[in-house]
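Input: structures, listed below.
Two complexes are shown next, each including chain A; its partner changes from chain B in the first to chain C in the second.
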Partner chain A sequence: MAAKTIISRPIYGTLSPQPGKHHLFVADAEGALAIVDMAKTAPPGFFDGAEIVFIPGSGGQHIAALEALKSAQFHVAPSFASLLPRLKQTLANAHMGMRLYLAGTEGLIGQAMQVALEAGIDHTSMQTEHRGSLARRMQCVHCKGITENVTTQPATCAHCGLLLLVRDHYSRRLAAFQGVCINAEDPSEIPPKEEAFP
Partner chain B sequence: MGITFRKETFRDDFTFKNSPEHIRRFPFPFHEDSYMYAVNIEPHVVGPKGSVLENLIDVDEHYVAEMQDRALVLAEDPLRCQSLPHMTLAGWDLLELLMEQQALGYPEHFTLERNGDRWRWINRPLGIDDTFTFGDTSTLPYGPMEYITRQSQGDFCILDQRDGNLWMDAGMVTTQADWSLDFDIGMNFFEWHAPVPLAHEKGIFVRALKFLTNIQQGKPARRLNWTMTINPRLDTSPENYHKWGPDRTTVTPENVGDKVHLRVELQSFWRLPRSNGIVFPIRCYLIKMDELVTQPKWARRLHRVIRDLPEELATYKGLTRYRPTLLEWLSKLDDGSATSPGFGPD
Partner chain C sequence: MSTGTTKLDVVVSDVVPVNDLVTRFHFRRRDGGLLPTFSGGAHVVVEMRDGELTRLNPYSLMGSPLDTSEYTISVRRDDLGRGGSLFMHRSVKPGLEMVVSYPVNLFSLDLRAKKHLMLAGGIGITPFMAQTAQLAGSGGNFELHYTCRTASLGTYADVLQQRHGNRIRLYHDDRDERIELDRLLSSQPLGTHLYVCGPAGMINWVRDRAASLGWPTETVHYEHFAAPQPGLPFDVTLAVSGKTIRVGEQQSLLEAIEAAGVDPPYLCRGGVCGQCETNVISYDGKFIHNDHWLSEEDHRSGCKIMPCVSRFEGKSLVLER
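Up next is the complex of A and B:
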């Protein structure tokens, strides 16, 4: 995480077992390891009331490690989009007191949080832990298009093609960082792209 | 005698101008020869006749043209006006406030007749005469916030108060100084101010929030904010930054007086009676340098403020590119003599 940041930029913690009977985990890629680490401090029987949904990503790793936790439900999804209907239903049917844990890339945490916010869960009650890539989900303020997995600064909008400064300003509602044209005043100025969010 | 509304534009051929009376009433924002952030909030009470504070909701000669410009912005981008589902009641609160204030201050232009919850609203400058049921959205052509803010100068943010914080949950924002309602809607007070430099470290926002969450009904407050804009363009949104940004490269020693505008926001804060929300009108006033320097005190003072402005603030306000040209031009109008205290012209 950048040394100097701003207040709207999300701050992530470390997952810890919360009191309660029902626990929902949403994780991608190396986020699995955050759950495995947390499990070491969980009380006996903790996963008897837990559901884990996991998007392994291209590496396809960590599935066995999560299976070994023997949660009541375990589901592997190919992508966030494919997970969305299931996640919405789970949240809609959830009882008061269900605890939510999000772990992995910022894009995953942000999008899962967006769905949970729409279901009426307060963001401060969610446990989050960032693991893995620093790649950002970015909204172009000009065309409103979302570009996934942005790793460079500046970055090109995948939709309108403008060269965008990727700001730290973040919207939970959009689950995205804001991208603003970096050379709007003089389009002939083209700053070099640097790998800023590996 | 009513206001003579100017026919003018804030885009393309930029025919916007202030009449001599409107130059004198311009809300010049510097009470001394330097500027730094402060919690400069004071009670929003009626001020001297002929000033922008003569009425608490000011209507001026630019009213009709500004409403036409707003309609153009909304036709292009309807997301400049948004209201989260729990904010409709606050929208009705705002409709009542603006109708009451405009009818009170300008009875020759606006009339509000109330018969229980059947209301009749007459807006003569815009040719509107509507009868509707207060509280029933189906009786208006738009939601209550959009309906009345299409007829009121300035941007409007409606803030919901909960958890000891204020949440930007509704707004009509078409004349903004480079911030996006669509991005910031739903954020709390600290989050939507996150990109502002220096002020967080000075504790400005913590103190401002404490003040704002304690605002009482019938006791509005206000503050001034400022920036600069090239050409009299109301819509300096981030959405359109790639369209208006190049204007900043067009300032030359010959056109400073006509192109560079001081942009002042009169921000006020009102508690809403039914929703307990806060409405935050951001009223934008523009004045070109040629008009501003007709008041020698303002010319001298603006020169000193711009000259001594900290670099971070100049960058945040987007002045960097044309600051030297502007300073050179203003310096010729500053003989170094003292300026009188206070905002007003001599």
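Up next is the complex of A and C:
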């Protein structure tokens, strides 16, 4: 996990079982392992009231490990967009006492958190654990377009084509890091791209 | 130094007995102007000049925050207390000039909440009078569950039901009506915040059940002003100002420090805000901690005391003050 540089840069923790009867997990890729690790310390019957929503990603791994937890509900989705309606519905019908656990890439944690914030859960009330890729979701501050899975510094905006410095400045409302034009003074100056967020 | 507690010169404009135990006091500015804005849940510290003795007690503002032409508080008579409430009941009459602090809110609504669930016990109803008025004025979603001993001691239950109808639910101890707390807490929509004000036992019960049922601590708000309790007199040395003082039976430690001409910071005077936290340099005896501010660890350490509500019994106590 990246070191804290500025105050808006999210800090993630380690999932731990919370009191209550209902537990909703949203995870992608290696985030599954955070749930499996947490399950070792969970009290008996914990997963009887749990729902796990999982995006396996390209490798398609970890599905069996999550199934073995025998949660009340287990749902596999191909992408965040595809699970969004289900997540919104679950949150709309949920009651106080349901706890939310987010694990995996920053993009997944941030986007699920964005939906949960709108549903009324405070971000400090959510359990988060970063696992896997450091790829960032980035908003271009110039055209406002969002570019997913940014791994380089600087990065090219997928919308307006500007070359952007990917800042640690993060917006929970947008679930995105801010990208600011790196060569506004002299567009002919092209700094080399480095693989900064593998 | 009364941090954030600039004083307001007020005059008692009305005194209204509400029931056998509770009396309401109305204050207006002596210069006829509007009082400072406040939000639901705020309190003021009322200075009671009772002969030689000055007591300062916090009381929740119970009027509508939309009306700052007057401040109203309700005081429950406590026959066994230090005499502050008895002074208010016996000696405060319309026309009396008094001094109150600016309002301070340590029990404010979290306006991000989708719904506000309020639980009141007894005189703990007063902050909710202001909060429900504030929410009703802005179309807020709330419900209030109010437990009282008997219907006649259900202070303002009638007013609240008139104003807010079925948003108000009453429970009378003498009719053996009890809040079904677990069911209530388990059936609230996501985004609900919980507010509790009442006796310490009720607050502890509600906080404990809410935590067990998975309510995040950020969503549970409570206020319990521990009125300073009387106790045995004790001596204190104030190391910084080089004074040794005696704390009287009916005096709080903070009041005794102030009476000696030392001006420590304070805000709530009810053991919740943390402003008057004072370091202990040495002691030989036993602390009687009554605050809700210090951790249990702090209490055990013997290194800190909240002089607004806590006392001491023993041979010697030296404070960094």
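Criterion: the second predicted complex is superposed on the first by the 194 of 198 C-alpha atoms of A that agree within 3 Å, B and C clash if a C-alpha of one lies under 4 Å from a C-alpha of the other, contacts with A are read in each partner's own complex, and residues count from 1 in each chain.
Simple rule for what comes next: a residue touches a chain if its C-beta (ideal position, glycine included) is under 8 Å from a C-beta of that chain, and two chains touch if they have at least 3 such contacts.
As the structure is a computational prediction, the values presented were derived from the model and not from experiment.
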Aligned on chain A, chain B and chain C: do they clash or fit?
fit
To the nearest 10 degrees, chain B and chain C lie apart, as seen from the C-alpha centre of chain A, by 60
Give one of first, second, both or neither to describe whether A:167 is in contact with chain B, with chain C, with both, or with none.
first
Report for A:83: first if it touches chain B alone, second if chain C alone, otherwise both or neither.
neither
Just checking: does A:102 make contact with chain B only, chain C only, both, or neither of them? Give me first, second, both or neither.
neither
Give one of first, second, both or neither to describe whether A:94 is in contact with chain B, with chain C, with both, or with none.
second
Look at A:7 in the shared chain and tell me whether it touches chain B only, chain C only, both, or neither; answer first, second, both or neither.
first
For A:22, is the partner it touches chain B (first), chain C (second), both, or none of the two (neither)?
second
Tell me the contact category for A:120 with respect to chain B and chain C: first, second, both or neither.
second
Rounded to a whole Å, what is the shortest Cα gap between chain B and chain C in the overlaid structures?
5
Could you list, by residue number, the parts of chain B that touch chain A in their complex?
79, 180, 182-187, 190-195, 200, 238-242, 245-246, 248-249, 321
In their complex, what parts of chain A are in touch with chain C?
18-22, 91-92, 94-99, 119-122, 124-125
Counting only contacts in the complex, chain C reaches chain A at residues 112-114, 185-192, 194, 211-216, 218-219
List the residues on chain A that touch chain B in their complex, please.
6-9, 139, 141-142, 144, 162, 167-169, 171-174, 178, 180-181, 184-187
